[in-house]
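Next come two complexes built around subunit A: one with subunit B, the other with subunit C.
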Partner chain A sequence: MNEVNKSVKKYLILFKTYLQKYIYYRASAFVWMLSDIIPFIVLIILWQAVYQNRSSIAGVSFNQMVVYYLSISFLRELIYTGGGRNTISEEIYTGQLSSLLLKPFNYLKRVFVEEISWRFIQFGLFLIPYVLLFICFKNVVKGVYNFKLWPVFILALILSFLISAFLDYLCGIGAFWLTQTSTLFHLKDIFYWLLGGLTFPQKLLPCLLQKINITLPFYYVFGFPTELIISNLSYGQIIIRFLVQLIWVIFLYLIYKLLWQKGLRKYDAWGN
Partner chain B sequence: MLMADKIVKAKRYFKLYFYFLKASLIREGQFRFNFYLTSLVSFLWGLVYLILYKFIFGYITEVGGWHYENLLVLAATFLLVNSLAKAFFELNFSKIATTIYYGDLDLILTKPLSSQFYISLREFSFRPFLRFLMACGVLIMVISNNQIKIGLSNIILFLFLIILSLILIYCLWFLTLTLVFWLGNVENIYELFHPFLRFTVIPLDILPKFLKSFFFFIFPLIFITTIPVKTLFGLISWPAIIYGVFISFFLLFLSHKLWHYGLKNYSSASS
Partner chain C sequence: MMLGVIKHHLKIFIKFIQFSFIQHFAFRFNFYGYLIDIGWLLFSIAFIKIFYLNVPEIVGWNYWEMLVLLGVFWIFQALIYGLVVIGNCRKIPQLVWTGELDGILLKPINSQFNVSLRIIWTPIFLNIIPAIWFIYLGFSGLKQPADLINVFCFILMSVFGFLIAYGLWFIITIFVFFLERADNLPYLPQAVIDNVSQYPIDIFKGKTKFIFIWFIPLAFVVSFPTQVLLGQLSKIYVIYAGWLAIIILYLSSLFWNFALKHYSSASS
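Up next, the complex of A and B:
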């Protein structure tokens, strides 16, 4: 128990240190926040025009569409991880990894702690415009949210964060083998935009693509937690999707562990 | 300055820009694999926009007077303008914040040419070329498949408005970057303009009146894609075009003045 307390205290101190570091970058966080929220505002404006003479598109009403974008932009700020590019890749390419491996922290846990501290700052800044948006659309969002299954939603959120993190970190450890990893991160983002639900609800995809999509991990990062609170998924659908999400978390973690070990064996550092 | 002097000076800058292009091509050739990969990624992102348009507008035939083929032309125009803007400005603008903050501007200020010209146009990126080709291909394909008749004068006016939209993108983007003189090192300030540019992927004349006026008079994004595409389809508004020309050159003048005002706040890095 003592060991566990010491370990938790260690990572708490690390968290506070990273928080102090990232408060310095609050202007950058503000720019990223704008960069994240504006595309969703553009989409809401677009759909408002599209729904002028229509009450429903592919079974989705305008109110549901607005709530979908408000929810998914909120979740994106909570869940989208950037540690793969900004931390792991960077540390492998610069050789900083050598000194970090010698420190008394588990590398993956340290990256998680750094990620959470950055999300804290970014999310804090995001809350202000988000609350304003919510107030603007308060009449639209009434009656659309469904928080009956909030424990499942919280669990799904945690698993979504883990899938996002492992996908991101897998791209990051590509730095052990590739001279540049930006292409991997771009490809990941392309899949998020096309299949992850960032641009439109899953229901707008063709039927066959919907069936394929629920077997892939991208839908489970943003799309699935959003649908838990705004769609009327049946209990059967929720259980199956939750299990698929859990399987992806375990699978991606195991792949990460395997590739991390292989990568470390290949890793060379100069002069650090 | 006499007219003849101005012509000589302009020729000098054109010649200099030709050498910048040549140096940029050599740079791309040195890291060929990286060039191929980033070109492919740029092409794929362009494809994503078109696919998303297809998914979103696949369920409707018309929005705010814009039919599906008009919207596809708008999407292709957005990609065309976006590719050109990335080619001319992206590599340069991504470095402005660090150049100013770390004092590397000294090396530019000592050169016998306009520092704004150098910092804005020194590097040209060939990476969006595939995306540019795709945009042109989609434009031609949509127009020919739907047998849309477009006059030569409309095409010429469209091309002129594309050049105007590039000037507007340059000015608005550059104005956001000059904030570095006062804000210090905001690493991602080069990203500040991008989300606003995304508004131009939708036809801005379908917006509510106050937003439409904002994007026309104050933050003239409507001239980047909406007005050029409407002009291509024969919906020419000469007052709007004249205002577009005026606001582009006004913003160019403003960017020039703000750059030089910012330089007064610049403290070198003791080089």
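Up next, the complex of A and C:
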């Protein structure tokens, strides 16, 4: 028990340290937040123009569309992880990894703690603009959300965060083998935008693509939790997708573990 | 006198291009880097395709017209990112905080010109090839040949549009002189300019549209030049674009000089 307490305390100290670091970078976090919201606001405006003479498109009403984009952009701020790009691949390239491996904490857990502290600052900053946005659209938002399923939603959200993190970290440890990993991160982002639901609700994709998409991990990062809260999935669909989401978390974790071990064996650094 | 200054800066600009070419060709062609651009290009086409699978037109623009707009947008992006953004605007925060700006200010050329065009990112210009192909596909689908006068007015207006976008980007970026630790500030105009200018300006209504035409004139960057190319907009807008470009460039230079007065070097 004492060991567990010690371990928790260790990571709590790390969390506080990172929190202090990121509070210093709050202006930067604010700029990221603004530049993240803008594409979604423009997409809402675009849809408003498209819906002018239509009540629904592919069975989605304008109100549902607005709520979809507001929700998915909000969830993106919560879920989207950047530790693979900014921490893991950087530390492998610069050789900082060598000294970090000698420190008395688990490398993956440390990256995770850093990630959560950054999300914490982001969350504090974006809560106010999002509350204002939801107030602006309060007539549209009314009645669209399905809060009955909130425990399932929270669980799905945690799994989404884990998929996002493992995909991100997998790209990050690509630095063991590749001279530059930015291509991997960009490809991941393209899949998020196209298939992850960031650009369109899943319903608007062609039928075949929809069927393929629900077997891929990208949809489970942003699309699934958003659809869960705006109530257009049956219980059967929810159970199946939830299971697929869980399988992806386990699978990606195992792949990460395997590649991390292989990468470490290949890793060498000089002068550290 | 004025002509001499322009000639001098033009010569330096050519040197900048030569230097950037040598720098980029010294290494093997970065195939993976180019793969990213191709990926985003495919994403743009998929985006339009999926949109038009669900609706026949967007604010009066059909699929082929939208393809022309996409091509123009990609040319604009290649030019602004290649000439101004990647190697220069994004580096301004670093120049200010590290004090490297001192070295630039001491050079006997216009400092705004120097910080804006020093490093040119040449590989991105390759994107212009598929972009021209999009425009060609669009015109083929429309079964309408491009009118020569329209093409000339389009090129002229695109140059003005480019200068407008540059001016706005630069003005927002130099707020770094007054803000602490916002090294990502150049990404803010990127989010606004990229997202607003990649769609027809008619998606905006009322006051917002008015603002994007006359105050933050992003309509003149991609949407209006495309309309001129398609022969759907009066040519008088080319003159408006010229005036707006002059005003914004002048404002950017005023703001640059004002910011420099507040600059205290980090290194000395």
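Miscellaneous remarks
In this text, the second predicted complex is superposed on the first by the 272 of 272 C-alpha atoms of A that agree within 3 Å, B and C clash if a C-alpha of one lies under 4 Å from a C-alpha of the other, contacts with A are read in each partner's own complex, and residues count from 1 in each chain.
Here, a residue touches a chain if its C-beta (ideal position, glycine included) is under 8 Å from a C-beta of that chain, and two chains touch if they have at least 3 such contacts.
Computed from a prediction, not measured in an experiment: that's the story for all the values here.
When both complexes are overlaid on subunit A, subunit B and subunit C end up clashing with each other.
In the superposition on chain A, A:Leu243 makes contact with neither subunit B nor subunit C.
In the superposed pair of complexes, A:Leu132 makes contact with neither subunit B nor subunit C. In the superposition on chain A, contact is made by A:Trp193 with both subunit B and subunit C. In the superposition on chain A, A:Tyr24 makes contact with subunit C only, while subunit B stays out of contact range. Taken together, the two complexes place residues 25, 27-28, 31-32, 34-35, 38-39, 42, 45-46, 49-50, 54, 57-58, 180, 182-183, 186-187, 190, 193-194, 199-200, 204-205 of subunit A in contact with subunit B and also with subunit C.
Contact residues of subunit A toward subunit C in the complex are 24-28, 30-32, 34-36, 38-39, 42, 45-46, 48-50, 54, 57-58, 178, 180, 182-183, 186-187, 190, 193-194, 199-200, 204-206. The touching residues of subunit C, counted against subunit A in their complex, run 32-33, 35-36, 39-40, 42-43, 46-47, 50-51, 53-55, 58-59, 179-185, 187-188, 190-192, 195-196, 199, 202-205, 208. Residue ranges of subunit B in contact with subunit A, taken from their complex: 33-34, 37-38, 40-41, 44-45, 48, 51-52, 55-57, 59-60, 63-64, 183-184, 186-189, 191-192, 194-196, 198-199, 201-202, 206-207, 211. Residues 25, 27-28, 31-32, 34-35, 37-39, 42, 45-46, 49-50, 52, 54, 57-58, 179-180, 182-183, 186-187, 190, 193-194, 199-200, 204-205 of subunit A are the ones that touch subunit B when the two sit in their complex.
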